[in-house]
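Some structures to go through are shown next.
In the two complexes that follow, subunit A is the common piece, with subunit B as its partner first and subunit C second.
Moving on to the complex of A and B:
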């Protein structure tokens, strides 16, 4: 039991042609500014490791709307995310999940002990990415919080 | 990630392709969560319903609020009956099905009026609580600074509306977890109120007892009578009670969410909806009804007029105990109020936007409204329109919740009435109600729905009474409804809007080069159900009813027939594998599964021979059981034999599983595929046992039943292959088969 979610849309990056261990770094979408910087940080981390980068977007659909009818059409979201990955110069696989609850969805879709990168702003109070990181760490994931600067886009 | 490990090079070059179709049904919510979601809408009325009703009908208003909360159990039954027919049925869908598009457009206009007013009444009420708290604090601190609560409420409401307008334009939404946390805090507040109020009544005794809800105790205000003023009608006791009831009905707003969450409620769906409805109504009765009543016992009549706009704030300040503690609780009450009421503003914008998009999909709203925002992709024109209407309403109300509350009840009562009438009409049009509103009398073959008809009639009388007793509501409500209705009608006549696609489910298709448990995320030991004809799916219904999906997964597959040339060098396209027929078929599957509240995994597999495709899929998924229905073209035994032959064609090692063939109204046929222990006839079991008893005297405890069968089989095998004996063996088997057919 838990929050309903639906694996909605995905864009897959080309796989590595050389054989080797499959390592994935997962960037969780927070907002466009911070995610762009998180993607770049993940790319730096992945270089040399031949790791794939996955951008996971848990898109919350609020309750008055049916889960299959989000406020923003998933196709539109997907196009924006593809542009974001292009701007960040990162080849990432993008997964958009329509869901009711962000944390519950991430806990269901992330593989055990995933390496997760999250963008965050420096604030004196606990922000959403910090709370999310805490929840993911509790479940055994390795979370890297990337400090983001304003207006990079 | 669940999917990424499958995106490897060798799989991408494979020519065989399967389609994994997924829709919304990956998991369901518990009835507790569903109740919390409904209550986050319905519970907010505790902050304003009591005060508004008291201004309109006088001191006996709390009893009417309690009466409305009791009546909500009847309305709950109507929503349950409607949901048992329409898994995804809001007011619009139900009314359209029962009474056609004309009345449906009227009902959706009333619903939108309700949504548009939810925002202003909630935000203005929150502003009133906040403004009056500020005055309370400055008064205690002996400061000269005092604000006008009405002006502050307008300012605050405009600020909250604009804040949520921007959030909706950007399409950013909070997780449902936040609404649940607000409900948890609200529950804490309600519990404190109930305990503290009880203690106050014990310590100080009631300041007064509200007069019973009799016609003689009703003191209607001028606005409370509206066009009834000066007529004979309010002097008629029944009419007076109905008018008073109409002024209290706004405490029941938010029921529409019950229909919206039904789709996501877990199995057993209807039972859980029943529980959800009961929790919601009981909670509302205790919180909205109970607290309003307690306020009328505790806040002295002489000062209660000062607290009509912030009844709970007043109640907090008149509890027994030190002033500082009361003030602290007052602050807590206001914080909870601001949270829950602001949440309702957001819900109103989202809900109205959702309803307008829904009617646009149905072809009754011009596509101009649906133009997506250039940067954020949201339907900004609809959001702008809703926000402008809400801001105009906020300013026009001048910060008085009373005016807003009166108008608000218009939308609520008419959408309730039209829904109830539709469910009543459907009682005679359809016969698939899994739940019926109680109190039905059967006379011969006719059923008279006393409970449903009585509830509909009460709602009708209240709606009509409201038309005359609430001038502002009627003028604004009718104008709004007519304007929207005209827009809908013109849009439809212009024919610009696209028509809905016959209500077919939109599936997300995932083309996969092969099948595995990881591909479709099912555990080994699943039940694989083969479907082809959407008019013959009794077997799926049976599996859905019997299977506990927490332990066993259900995979529903259909075989897309292809010629042997189609499986060769070129990969089949999505359109070839998932045609409109598969979409229709899977839509029916999803509807059945939703009704049971069970998750199913959908799969389309191309195949030259459907039996091979079914068996190969079952083996690959390591299914425990393959279930099919009966075929119109072959009897069940032949079907079992063909599937058995397909199993024999599987490469070694073959995964054993059982086959179940379900025919409606007959016992299922079970066949174990592959080597398996036989199920012996009872008389054969007796025979083996008697032989074992006879032989065990010679061999002692070492001899088992299996040894007896083993020897018998070896001897038979020897005879079968010995010269001249084979015809005798075959003749014995023939006799056994004819004997078996006579067995029951």
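Moving on to the complex of A and C:
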């Protein structure tokens, strides 16, 4: 059974003047600092591949709340994400999904054999992005874990 | 079309000027650098066929520069020096130089040594070859790839990667070597980037990307371009 999710918002990047992209690189939102670095890594990768970048945000709504009413208004989240893409200097299409389970939602919304970029911190224990990467790889997606540095500013 | 792109590294502006004039007259494209550091920067950022390197330079000397270039590149290197002892020649050749010319030298000798060094380069690196494998044709001069009668659109990076692999056929190429040769010496750990590019290339040139015939994975090492012995 597929987990419930709602596509809340999407902001599409401006269309290409050249023939359409050959690949979509999906950056999955983890947190603002790491996602910014993941977006920059994705842009670096995309420049050599004629690829588009999609920023996918599976926002988990806890069970006490109805799925359509997340704790943080989606409009506010979207504005922060647009600022994030601007700060990273990346033209990305943004997709926000309201869901109960992040992994299940990603497995449903990602295309087959997607290239996924995730920011991660170096830790001795398996972190959330690492577990997510493992789940996505099991389903045949190609996951790039970007080592992120702590933002000292 | 130029006969090759040559970097002249010498701290003496007069020698740089003379070499530039001589080489341009022979149809070479010439760029120059005044120091070892500048030369390394040029090698890193530009596509070159040969380096003419002075052995005695202030700061980073010719031998150190030669070693640094050789650690990241297969480019031809000809050393220039006023010293002609056997030990100096051995040191230069051991540092990775392909040839050694003692000052003062005549232009015909230097040009002959440049031609010889360029001849020894893999043909693909000089951009003159077309490779045909089954129904695939890769033209390194026009940077076009056709499969059957269909032209395949490759991005510049994809083409560079394919070119490097085709120029080292049937050899296992480690991830680090591929990354540094195609992306530059600052790369080496980005194995996942390489995987994405190889997958994209497979989708474009292989009939069955999930069971590739040309771009073969060498487990735990890197990739190999499989070229049949009868392919040209």
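Heads up, the rule we're going with is that the second predicted complex is superposed on the first by the 149 of 153 C-alpha atoms of A that agree within 3 Å, B and C clash if a C-alpha of one lies under 4 Å from a C-alpha of the other, contacts with A are read in each partner's own complex, and residues count from 1 in each chain.
One rule holds for everything that comes next: contacts are C-beta pairs under 8 Å (C-beta built on N, C-alpha and C of every residue); 3 or more make two chains touch, one makes a residue touch a chain.
Model, not experiment: these values are computed from the prediction.
**Student:** Could you classify subunit B and subunit C on subunit A, in the superposed arrangement, as clash or fit?
**Tutor:** With subunit A as the common anchor, subunit B and subunit C both fit in the superposed model.
**Student:** In the superposed arrangement, does A:72 touch subunit B (first), subunit C (second), both or neither?
**Tutor:** So A:72 only meets subunit B here.
**Student:** With subunit A at the apex, figure out the C-alpha centre angle toward subunit B and subunit C and round it to a multiple of 10 degrees.
**Tutor:** Between subunit B and subunit C, as viewed from subunit A: 160 degrees.
**Student:** Touching A:56 in the superposition: subunit B (first), subunit C (second), both, neither?
**Tutor:** Only subunit B is touched by A:56; subunit C is not.
**Student:** Quick one: is A:115 in contact with subunit B, with subunit C, with both, or with neither? Answer first, second, both or neither.
**Tutor:** Only subunit C is touched by A:115; subunit B is not.
**Student:** Per the contact definition in the header, classify A:140: touching subunit B only (first), subunit C only (second), both, or neither.
**Tutor:** Neither subunit B nor subunit C is touched by A:140.
**Student:** Of the partners subunit B and subunit C, which touch A:126 in the superposed model: first, second, both, neither?
**Tutor:** It touches nothing on subunit B or subunit C.
**Student:** Going by the contact rule stated at the top, is it subunit B or subunit C that touches a larger number of residues on subunit A?
**Tutor:** With both complexes superposed on chain A, more residues of subunit A are touched by B.
**Student:** Which of the two partners, first being subunit B and second being subunit C, lies in contact with A:45: first, second, both, or neither?
**Tutor:** second
**Student:** Using the superposition on chain A described above, determine whether A:23 touches subunit B (first), subunit C (second), both, or neither.
**Tutor:** In the superposed model, A:23 contacts subunit C only, not subunit B.
**Student:** Between subunit B and subunit C, report the minimum C-alpha distance in the superposition, expressed in whole angstrom.
**Tutor:** So the smallest C-alpha gap separating subunit B from subunit C comes to 17 Å.
**Student:** Can you list the residues of subunit A that touch subunit B in one structure and subunit C in the other?
**Tutor:** Correct list for subunit A: 22.
**Student:** Touching subunit B in the complex: which residues of subunit A?
**Tutor:** Residues of subunit A touching subunit B: 1-10, 12, 15, 17, 22, 24, 26, 52, 54, 56, 60-73, 76-77, 80, 93, 95, 98, 100-104, 108-111, 114.
**Student:** Contact residues on subunit B for subunit A in the complex?
**Tutor:** Interface residues on the subunit B side: 1-5, 7-9, 12, 22-30, 37, 88, 168, 171, 173-177, 179, 257, 260-261, 263-264, 266, 346-347, 350-351, 353-354, 357-358, 372, 376-379, 506, 508.
**Student:** Please name which positions on subunit C make contact with subunit A in the complex.
**Tutor:** By the definition above, subunit C touches subunit A via 153, 155-158, 192-193, 195-197, 199-200.
**Student:** In the complex of these two chains, what residues of subunit A are touching subunit C?
**Tutor:** Listed in rising order, the residues of subunit A that touch subunit C are 19, 22-23, 45, 48-50, 115, 142-145.
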